[in-house]
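Input: structures, listed below.
Common to both upcoming complexes is chain A, partnered first by chain B, then by chain C.
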Partner chain A sequence: MLTNRSKVVVNKQMTFMERIYLPAVIGGLITTMKHFFRKKTTIDYPKEKREISENYRGQHVLKVDEKGAERCTACGLCAVSCPAEAITMTAAERKKGEENKYREEKYAAVYEINMLRCIFCGLCEEACPKEAIFLTDRLVPVSGNRDEMIYGKDKLTEKSFNQVDISKRQTPEVLAFKQQKQYQHNK
Partner chain B sequence: MVGGYIIYKSIMVVLIFLIGLGIAAYSTYAERKVAAFLQDRLGPNKAGPYGLLQPIADGVKMFMKEEIIPDVSNKFLFILGPCIAMLTACMTGVVIPWSTPIIFNGVSYPLQITDINIGILYVFGVVSIGVYGIMIGGWASNNKFSLLGALRASAQMISYEIAMGLSIIALVMMTGTISLGEIAAQQSGGNWNIFYQPLGFLIFITCAFAECNRTPFDLPECETELVGGYHTEYSSMKLGFYLFAEYVNMFISSAIISTLYFGGYNMPFIGRFVTDPNMLSILGVVFLFGKIFFFIFFFMWIRWTIPRFRYDQLMHLGWKIFIPLSILNIILTGAGILFFNK
Partner chain C sequence: MPKVTIDNHEIEVPEGTTILQAARMIGGDIVPPAMCYYSKLKTSGGYCRTCIVKVTQGSAKDPRPMPKPVASCRTFVMDGMVVQNTTSPELLEARKGVVEFLLLNHPLDCPICDQAGECDLQNLAYDHGADTTRYQFERRTFEKIDIGTKIKLHMTRCILCYRCVKVADQLTEGRVHGVMNRGDVSEISTYISNAIENDFSGNMIDVCPVGALTDNTFRFASRVWFTKPLDAHRNCAKCSGKAVLWMKGDEVLRVSARKDKYNEVEDWICNDCRFENKNKDQWVIDGPRFIAKDSVIAQNHYENIDLQKLKLDINRQIKFQGGKDILEHNSRVQFDEESKKALEATKK
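Right after this comes the complex of A and B.
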């Protein structure tokens, strides 16, 4: 009643044309024949790729800064925020002479994301205070082996000479947020 | 001469058998493609170019599957079921006239394995035996779903055979013969029976759908109610035989529909362009196969358009509508013959 979409059942007798059934059959045949020539909706995946949005949430990247030092400080906020409990990490302290490798005094010696658990919600990215983890528009390749789906730092960390562009995931709000003085240290 | 005759006939039999199987195999592929296209999908396209090797992959899969014969089944009958289904499906092909005879070195080679003068009766007889394949298979499985499926199948086939037979009687009254070869020959020059027997054709093709257990009459295999119907317990190539027999039946029914109503190997006006009888005869085969392929496509087209009937509707349609209609058709035909003195 609320939607005005309810219909009263009518026990109307079918007319002769309806009862001989053939016009309906021919109508149906015409409809299906129209579909026969229509453009197919299937995307033949490995050959064709589906168009994905600019800020698609795909495989994660662990960012390095312009000097090539890892940004992650193993604070564990991403792991806490993760609804699928996909992230595990082991923290370690930075030694002298490793300043070019790790940006903060503490870093993640082991950082693993289980891609089978991950639901690509992007909450880890939102939680990270160091802008160290981002989701990218890359798809996680399939594998026949569960162990291979646990991505360690070797697969997640980007190379300093080949940085992954994440500017598409930086919404105007994020960019405005970054202008604020008190977060300058995070540059 | 007799030796040559036997060799020639054997070659024909083997050839038609192989063609029948080949077409049935590729009908499974075509069915999946047509289904996909009618539903805006692409269909199988991974095995070979355009998925053309799919039937072979399916066949290999069927052979590799484990063969399971239920403990409680009647083993002999269980194996006999698919054999009968396949045998009867392949047997009907012998009376179909594929084209006019080819004359080679002064000897005429008819492109029909045997033109027995009761061709239509033979087809009916063999098709009726086909019910046994389903019935025996369903009963021997000792499974309630199989039995129900088999019961439905046999009830359906028997009731629709009556209407089918009656619709043929009108045709036979008109043609005056029940030899398929003569019926095909009479329809030369665009003189197709469909123009004289539209109602009969409609009844015949609907009954052919029911006989082949194709949608909208595929109740024996109705998955939602009966798991798999009469072949629920079957696995491996025995299941393959049942499924395959359906496609062979489809091929044969298409051939018979084309022969009875659509002029068989005849094509109007072709005689004006080609005069060499051998050339005409080869073209006849091409035309007949063109018609057959159209009807196979039509079978599939219908399948993906019209939903399945309910069982009581099916019986209602068969007994209360088609049988009176076909009797009416006989009367009309009789009146027509009397009136036009044809």
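Right after this comes the complex of A and C.
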């Protein structure tokens, strides 16, 4: 016996009151009616949204910098840190004249996250040396099609005129760290 | 034969052995790291200073300590010499300073660099370096140079180890490679920025401890840790034909020479093997390349465990690291007689 929770089964005869079931039915109805007067546990979802944490880990965003150039340099650290192996990428070399499109000489030509595999752990965000990928408070919409759940750069990269605010994810410590001059050697 | 004690390990070595070579004969953690010394290249070493050791007793005849840390790759052992490497905190501090100097002008572009993941400087900085830099000035930068069509020179990343120059000097006939200028402005360059038309010039890529010389045919193709290295060979009229194929699926992304545990090339391979034969059918696959468990290249490779293959791998691992601590850590694996013998032989 592994636990002390086991019970011996007895084949006991029911009494008359138990056999007519009415007291049990009424007892059940009382419990049901009690719930009418309780606070509702559900919400009217699309119209009403639950409050979520400031650093909620939802759909990813690939950031662009203040000039609108993509920050991702396809270093592969997010993919290697990903425990679900949801991220794949193909790198390409930046050509002359594309300096305003890509920040570094190498960029991700293909960047895909399989949202069905992703467990939203945030390790990619933690691994990223270029502050290119962040998880946001947006939810990943459901789909009836598996192919649609593989998000490419079209869905992940933010538009430079409509940047996703990730300032709340950056703690005062992180911001203070960025101000230090000795860490700016990669600019 | 002189007797030398390195980190409390005593060993008898032939006359004319350097401290670094003696330490490598002992093996293990006490081997000083080396960025410029290359046992396969004559007159290499003495530039980078990462292999410095503390000599607490010069010799049996003259037991005075040497006044400063010495470069172990260039210092010959004397009878009765006592050397400290990892046992001296003072020396480790000095080495940290050396690493800081090496990183002074080195850009932090590892996310872009093709060498990342198999870079000696990355490993060295990880093991010995400080995690921040005190340097606040502009780093020296250079334009990228194509050496031939197949090799790319990123002078910005160069730490001036001179290994590629020695390769050009000693492996290839006629020197077409050299270091120009001095001090902070010195740079590796071909005399005329023309192609190097030599069959073995590609080996400069393999000897480069950083990402200064990289394979142009592999440029940005993949990070090394997404590739799968396989040992392979082919019949080559010019070289041994023994190489490593870096695969992605069935595609050969890169061919490189096989390297030993000190990251030194075992057999030089020719440019034909390296650049021209990127088809799996042109090679005979010997099996997976042994990659150290803690290397990033070994990450995310979950293959079905094939016991026969595992045994083969372990045999190769025994050969690779000289039989150190294999049995203790792999008690679940049954060894056959042959590998046990190999293990015993290496332990002796």
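We adopt the following convention: the second predicted complex is superposed on the first by the 148 of 187 C-alpha atoms of A that agree within 3 Å, B and C clash if a C-alpha of one lies under 4 Å from a C-alpha of the other, contacts with A are read in each partner's own complex, and residues count from 1 in each chain.
The definition used in the following text is that a residue touches a chain if its C-beta (ideal position, glycine included) is under 8 Å from a C-beta of that chain, and two chains touch if they have at least 3 such contacts.
The shown structure was predicted, so the numbers you read here are calculated from the model rather than taken from an experiment.
Asks: Looking at the overlay, does A:152 come into contact with chain B only (first), chain C only (second), both, or neither?
Replies: After superposition on chain A, A:152 lies in contact with neither partner.
Asks: Looking at A:29 after the superposition, I want to know if it touches chain B, chain C, both of them or none. Which is it: first, second, both, neither?
Replies: In the superposition, A:29 contacts chain B only.
Asks: I'd like to know which partner A:58 touches here: chain B for first, chain C for second, both or neither.
Replies: Neither partner.
Asks: Quick check for you: in the superposed arrangement, does A:44 touch first (chain B), second (chain C), both or neither?
Replies: first
Asks: Could you look at A:75 and tell me whether it touches chain B, chain C, both or neither (first, second, both, neither)?
Replies: second
Asks: Using the superposition on chain A as set up above, list the residues of chain A that contact both chain B and chain C.
Replies: Shared contact residues on chain A (touching chain B in one complex, chain C in the other): none at all.
Asks: What residues on chain A touch chain B, complex-wise?
Replies: Interface residues on chain A, with respect to chain B: 22, 25, 28-29, 31-33, 35-36, 38-42, 44.
Asks: For chain B, which residues count as touching chain A in their complex?
Replies: The contact residues of chain B facing chain A are 34, 36-42, 45, 202, 301-302, 304-306.
Asks: In the complex formed with chain C, which residues of chain A make contact?
Replies: Going through chain A, the ones touching chain C are 73-77, 79-80, 85, 91-93, 104-106, 129-130, 181-183, 185-186.
Asks: Which bits of chain C are touching chain A when the two form their complex?
Replies: 107-112, 116, 132-136, 139, 219-223, 225-226, 296, 299-300
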